[in-house]
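Here the chain labels run A, B, C and D in written order, and each chain numbers its own residues starting at 1.
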Amino acid sequence: MTTSTAEQLSAVSLYERLGASAGIRRIVDGMVDAHLQNPVIRARFQPYIDDPEHVEEIKQHICTFFAVHTGGPGTYGGRSMTQTHRGMNIDAAEYMAAIDDTLATMEGLGHDQETRNEVLAILYPLKSEILHV
Amino acid sequence: MTTSTAEQLSAVSLYERLGASAGIRRIVDGMVDAHLQNPVIRARFQPYIDDPEHVEEIKQHICTFFAVHTGGPGTYGGRSMTQTHRGMNIDAAEYMAAIDDTLATMEGLGHDQETRNEVLAILYPLKSEILHV
Amino acid sequence: MTTSTAEQLSAVSLYERLGASAGIRRIVDGMVDAHLQNPVIRARFQPYIDDPEHVEEIKQHICTFFAVHTGGPGTYGGRSMTQTHRGMNIDAAEYMAAIDDTLATMEGLGHDQETRNEVLAILYPLKSEILHV
Amino acid sequence: MTTSTAEQLSAVSLYERLGASAGIRRIVDGMVDAHLQNPVIRARFQPYIDDPEHVEEIKQHICTFFAVHTGGPGTYGGRSMTQTHRGMNIDAAEYMAAIDDTLATMEGLGHDQETRNEVLAILYPLKSEILHV
């Protein structure tokens, strides 16, 4: 046995450390619920506030997205990030609010700093596909 | 003859001074064209950039809105300002950009400072029905 | 007697209608107090919150500015708008908040819509000398 | 020899991987130069544009800050992040621009994704001490 604990850890995908499908769903439930309350971005969800099916559809897209980008199974067959956010003119304050909701939800669920940093490193650069597109 | 020139002027509605239906259409054409180029807000129009019918529809709504709010004929039968902008999370920079496009178009068309100020006084307070609704 | 009431009214400067020096001071007191509470801009005043002399200095500059731009006596001998705001990177949301505080203060003091519109028409275009300079 | 390469790597501080004092200085030179060109934040530096001593002072503060927060020697004896940014009302767009300048400078200097992610994980949460304080 020559592999170290560190190497074994790195062999466990972020997807698995997030709790696989069920764990990611908990994060997405928490972050979308937070978005609906967050004064910086809740207005974006006003048209869907009484349309739980639409909110559920958004959540499923985010779950698939998370899985694909963290080493999980499946492929993301939906529209690109840019297409999804086309015409929304999302700005930096809104995107930071969305990241913050995600990281705070993860912290609330007990995910450690290291794992949150990995998610931050995935989410932050996505802004080039989301902001003002 | 006891009425003054000033009184006669005030009897001419802003709608008439804007050039009635045709004059307002020129302002709206100019401002929407400016919006499509304005880096602060053009992203909002990306989904419609190849859909001239949708842009035309937007222009007609704005024309009707201008007519109704400047003393012209007709009634605005469309959705309220708030309903129209629901979910867009429009911010102050975007709204100022839209006002600026309007005032610059008016100036380009030869409308004087006084007339532009009257339009500003109509547009500025609308922000409470448009921003972050 | 050939001059109309309207002409006589227009002969009364905005400065006088604002209540001259004392009336302007009331507006400036109210707007600066509102700024100190306004979540969008109060952070700008944090360094001076315990420095009433500095706040008083700001108020006096604004009073002089108001007087000069509304047809009152005196000349504005201070730094230009651009110089005053150089390095602050003030954005649209902050400037709209400042305008709103001013108009709300004026409304609270009983100034009518017409007078508030005249002040709006003075303040709004100043943004080119204040925002992101 | 039981320690793995991964463990040895983690024993090398981020400070060392950034190139210690000289390497950090190159990053700070690049990021501040980028700030001076960045349309989102360059206005903040306008008052110092002809004051290289002040810019140098800012750079030295940032160098010390980087060293202390990446495992390097020394202690940060300056004012707190909050005190430094008090009254500036820095917003999300400005902070993201500053992060982007830093990450782009690091990429230009050849720092790998992993190292840039570590710096992102340090810079991102600092916003609570910098934005709107």
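In this text, a residue touches a chain if its C-beta (ideal position, glycine included) is under 8 Å from a C-beta of that chain, and two chains touch if they have at least 3 such contacts.
A quick note: this is a predicted structure, and the numbers were derived from the prediction, not measured.
Averaged C-alpha coordinates give centres for chain C and chain D that are 39 Å from one another. Rounded to whole angstrom, the centroid-to-centroid distance between chain A and chain C, based on C-alpha atoms, equals 45 Å. Spacing of chain B relative to chain C, judged by their CA centroids, is 26 angstrom.
Chain contacts: chain B has residues 91 touching two or more partner chains.
If you sketch which chains touch which, the chains form one closed loop in which each chain touches exactly two neighbours. Here the touching chains pair up as A-B, A-D, B-C, C-D. On the side of chain A, the complex with chain D involves touching residues 3-4, 6-7, 10, 91-93, 95-97, 99, 117-118, 120-121, 124, 127. Across the interface of their complex, chain D is touched by residues 41, 43-48, 86-89, 91, 94, 132-133 of chain C.
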